[in-house]
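Here come two complexes built around chain A, the first alongside chain B, the second alongside chain C.
Moving on, here comes the complex of A and B:
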């Protein structure tokens, strides 16, 4: 809880500090605020308390996910140092909005009540609508913002409708009370309750870009400034999955037979279609959007399995996925700045011109593919383990097949990186970038060698 | 002394070599390291008495909550594989002694990395550990082909990688499935896997999940289509690793992780697999007859030989399995010799097209005689090593079902046809312009060819020690099924 206060103060301070001239001050304030919030979150470890009439519940689950998204945001701040160098006019606003979105994310992981969840989702989304359009003069950025806003509000409306229907049936917003309502009225649960669950799931699936609710994702990823895309691909996704799992587990785990069928279909579609759609992409950001959707499919497998291993698997997967994604998007950002293009072809020879960056990039891609000994391998492995434990055999086979397909598009990038091409220039890395890449790549390897410490947390 | 050393030493060598750039230093260090590794392996071999169980095991908990341990174990079969790996690695390193690839430090470092991972594959007795080493051995090979390979390497490496990973992911799936079937506290230890009781219907499906991984690696028909391209385009030393050692990981995998774990599944599918293997081997032989590129021809011939080995495994009797064990080593020796000869020819003349060559014997008789001897070993002439291995396998197949051995015999005969055909076209006849550039072969290439020849005869005449080494373990394996 303290970390939320610190984050809010940081956000507001950032807005005021924007009046000053130095951009590095903003950077420092942001980093300091995030580090403090991260430490305070860690201090919450082991606590189990309900605040504001059980509106917010702080437990190990929320603490772990909060720390994960605060850490991710910290890394994103580090790679945002590019913006400072390019003297972006609205930096204070961008930073502040990002912190506010992060607050929304933290609320989403620790809700005890569906109204709190709704607040969290909105606090997360509204800054993002603005952020997606933060490159004011770019048409693509405006389009992304508009599209995201329209479809996002639509999904929110859906979500609210679901909440209303469930409230109509059970008379409560509290997740635990809904759970006991299901137990008490097992035979006479009204139809609107079931409808409510479906609509809720649809609303949430929009946020995590599961197929068939994914259409916004490639366009928004492509149009939004790369920094914002990174934020969407990591923090939003982690928070979204933390929320969806928490909701399904706390409120609806007794009806799992019912919603598992729906989620099964969504998972299947997400896995298959995203993998096939990614095959033909030529732009890196679009490709990463589809890869993100495909990864959503894998995490959905753990949500679907809904057993004691699921929280650990989701945490581990979202964390390692975020590490890899930050590196990839960081590289795209650098490359885009120097060449103005994000097509895979323009990356040819990138690794030969910048060997260190090339190796880190390759490592990140190997992790996203799921090759040992990277964190990505154990992430996929835990997901499969979890799903098979709950007897979801066939969908895991589909997961295996899509992993094989994913090798094609990830290794296409690796092949391009190391192709001989003399036109590439050396791209210098400034210190914050180096720090972020170094931390992420060390963590990728550490999570690949000692996954136990992370997985045992939950 | 424990088994961990055999993995750690190549890893250290791999890191050490990266520090140097000078070609001569890199080569010296790598050969020294490889020699130490081989001596250590032989020391282990002499010290161990395999009838008294495992002495060299190493055990440390890695991810205890999931039953993944860093557990290594040595028995007769894995000992044999270790000797094979480390011996052939040395041979491969020596064979590159007068090749100068770009960034040689990186290249040799990757070779050692592969070697370490392959040792890990043969040592590990935990399924996930096995899987991790299995994958790790693939990564450096991928990059070696990508950086140092021939034409069209981008597409070919990708195909190769997707193919092999497809197999291994199914294997991972099967391992996870088996993990949940273990009784008591779930574990990935192979000893626990052996105890699982699985219903025949499930075994039949599980068989394919595991088998695909191994069949792709070997490769057995119809999972072979990555192989000829990759062998052709890879740098010769990598081709040697792939065909000499890495392919044996697949065979070892079948022996260790397939036969004892799903015995009823094996029972059910063994005829299918034998027929597939033999058909594939015949098919490969016919295609080999038509090849004009020496390396591609050797790739297909390798597939034909491995097809016989594949059939031999599934005949599942003492003869065939002993033959398989021996033939793994012999095939490794012969194929390395053959690829070295092919590489030497290409290096000297600048072509690998059989039709453009001819009459090399007139210039370098010694070289051409060594080539002939390796060919004879490869086509299983009595008194050469190939004869021992293939004879045992054919005997085993005959005992299993006599028609199989007749068709397998046909493969040996066609093998003789295309091998002697290369010899005739390349070595005999008139010396043409291209072959004329074939100056005398330097000592370094001969020095590799000479041990190959010695081994071909030595094992062809006196294979008893090898047979004794594997006998106990093979018998143990047969009891488990």
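Moving on, here comes the complex of A and C:
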């Protein structure tokens, strides 16, 4: 809770500090606020308390996910440092909006009530609509913002309708009360309650970009500024999964047989279509969008399984996925800045010109693929294990097949990185970038060697 | 963490550190320093092994050192654990002891090679894996070492990789060993299935399986035997070892004589509680052992390359160890393994000293009359030759004698063959001895060059000189060990108390032979061998400047032996040729026609589907919303009508 207050203060301070000239001050304030919030979150470990009339529940689940997204945002702040060099006019606003979105994410992981969840989702989404359009002169950015907004509102409508239907049947917004309502009225639950669950799931699936509600993702990922895309691919995704799992577990786990069928179909579609669609992509950001959708499919497996291993598996997956994604988008950002292109072809020879960056980039891609000695391997392993534990065998087989397909498009990038190409220039790394890359790659290796410490947390 | 745990970790870490230093910091080190680092990396484990040896006497006889968890799936739990018991300590002492001596020798032997760092890094890596093989407390850890030493052996045989024949020899060794490793691996799988564990302690105490399921135990032991036969170069997988002599001589001494090839023997001794329950396997081991011992001793009689003679001699001596194993005389096998490590390492190093002096010449025809020029080599070689021939009081006498007694105890007819083998042993080793050190130097007589492709620059006998101290001191150390090594297991009839047998405390077959018979058997063997040495003396030193027989003068049987009974050719005909034929036929049909096509079409299919999936993403918001609504309706329809 303290961390939320600190984050809010940081956000507001950033807006005021925008009056000053120095961009590095903004950067410092942001970093300091995030580090303080991170430490305060860690201090909450082991606590179990309900605040505001059970609207907010702080427990280890929320603490772990909150720390994960605060940490991720910190890394994104580090790689935002080239915005400072390029003297972006609206940096204060961008930073502040990002912090506000982060607050929304933190609320999404610790809600005890569907109204709080809605608040969290909207606090997260509205700044993002603006952020997606933050490159004001770029038509692509404007288009991304607008598309995201329209499709997002559409999904919000679904979500609200779901909440309303469930309230209509059960008379409560509180997740635990809904759960006990299901237990008490097992045989006489009205149809609108079931319909409510389905519509609720559809609304949430939009946020995590599960197929067939993913349409915004490739277009918005491509059009939005890369920094914002990074934020969407990591923080938003982690928060979204933390929320969807918490909601389904706290409120609807007693009806799991019922909604699992729908989720099963969504998972299957997500895994298959994203892997296939990614094969022919030529732009890095679009490819990463599909890779993100595909990863949503994997995490959905753990949500679908809904057993005691799920929270750990989801945390592990979202965290290692964020590490790899930050590195990849960081590299794309640097590369775009120097060459103005994000096509896979333009990366040819990148690794040979910048060996250290090339190795880190390759490591991140290996982790995303799920090759051992990287965290990504154990992420996929635990997800599959969790799903098998609940007897979802066939969909795991599909998951393994799509992993094999994913090797093709990830290795296409690695292949390009190390091709012979003399036109590629050396790209210097400034210290914040180096720090972020170093921390992320060390963590990728550490999670790959000692997965136990992270997986046992939840 | 108790002391032994720390010792065992250090014992493993030192060779590994030596490997890493020599492998990665090599550019900054002069060759001598890297040799010293390599030697220290083996010497420190030797000291630590001695400390463990002293401690072990006082304390509990065996202890399992658990380092960490490793593989846990379902019922199977394979930890990272090491076993310290008399058997592993004895092996550790042999490996690090002989290893240290050979490392020091190598500093001198390899000094002019510009890849000396690589040499020492691989040697250290070998010691590391060998120690893992020895100390592992379950079959999987042993297998890590088993594969690791195989790798190092491959690397070191092909150390002079510019010579293509050497590369071929390395590959041959590797592939032959793979056949054995496959057997070992399948045995591991069977053990996992039947015992649900790979730890020695658990398997050897699972009496309910061991005593009842004879069939399974027989299959497992047979497969383990396949592994041991591959690694220890026994019939039918022995042909790689003579070719392995392509490696530098210290490698031959360390890996292909003293330690790695003995790993098969060690593994069977380690598993003796399994083999006890498989009499069929034991009989097979006897047959393999005695046949290998005789066959390779015979081949050794006609070899011209000094290292090849020693290689066949190694195979033959390993055959004796297998014979002992098959008879259930496990501690005798370990005893012979130990003394053999001493005298065979010495033979190789002495041969290396000769080769060093002759600038790389290995052919016996080019030697002769070296006794006066290489006095230390001469004397140490003589000691080793006496040891391997089994002349008292040299070490080989005691260990071989134990095996012979066990053989006699089992079946006297087999004993006759075993004695025949030891007669052959003394003939081939003294043939080499006389050819190299007596007579006249033949290196500069032109008629010996006619079948050589490259004529080496003639060396004048006066230019020959003894090897430097760094090479002769190791020879002397090993000579002392070869001379006195037998006393560690002095039998009762010579006033000893069978120290090694008692120390190892492995339940071995008892020889119920009375002292008179034993005296008679021993003296018969020794006298026959001594007579043979004298006969060989006359054969090879009577006429001046006589080298080995030239092939044109040989009769049919001699030619057979000279060509190693054409076993290599037979294998080529039986396995290589059909294999080549098959692969040539299958390449266009199965590989290109079927497999490639299937794989490629799976890829094409995915790409086609991919471009379809991509088309849905057309950038039109109305279309997106339409699709999302349709999907929502579909899900609700499922909700209403199906669930």
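By our rule, the second predicted complex is superposed on the first by the 458 of 458 C-alpha atoms of A that agree within 3 Å, B and C clash if a C-alpha of one lies under 4 Å from a C-alpha of the other, contacts with A are read in each partner's own complex, and residues count from 1 in each chain.
FYI, a residue touches a chain if its C-beta (ideal position, glycine included) is under 8 Å from a C-beta of that chain, and two chains touch if they have at least 3 such contacts.
Computed from a predicted structure; not experimentally measured.
Overlay on chain A: chain B and chain C clash in the combined arrangement.
By the touch criterion defined above, A:385 reaches chain B but does not reach chain C.
Looking at the shared chain after the overlay, A:397 reaches chain B, while chain C stays out of its contact range. Applying the stated contact rule after C-alpha superposition, one finds that A:212 touches chain C and leaves chain B untouched. In the superposition on chain A, A:415 contacts chain B only, with no contact to chain C. By the document's definition of touching, neither partner reaches A:181: not chain B, not chain C. When the shared chain is aligned, chain B comes close enough to touch A:371, but chain C does not. Contacts of A:151 after superposition: chain C is touched, whereas chain B is not reached. For chain C, the stretch among 57-65, 165-173 or 453-461 that collides with chain B in the superposed model is 165-173. Overlap of the chain B and chain C interfaces on chain A: residues 408.
Of all residues in chain B, those touching chain A in their complex are 62-66, 128, 131-132, 135-136, 139, 143, 146-147, 154, 157-158, 161-162, 165-166, 169-170, 172-173, 176-177, 179-180. Within the complex formed with chain C, the residues of chain A that make contact are 147, 150-151, 154, 158, 191, 194-195, 198-199, 202, 206, 212-213, 215-216, 218-219, 258, 261-262, 265, 273, 276-281, 405, 408. Remark: chain C residues 603, 606-607, 609-614, 616-617, 619, 621, 624-625, 627-628, 631-632, 635-636, 638-640, 642-643 touch chain A in the complex. If you check the complex, the residues on chain A that touch chain B are 366, 371-373, 377, 381, 384-385, 388-389, 393, 396-397, 400, 403-404, 407-408, 411-412, 415, 418-419, 451-452, 455-456.
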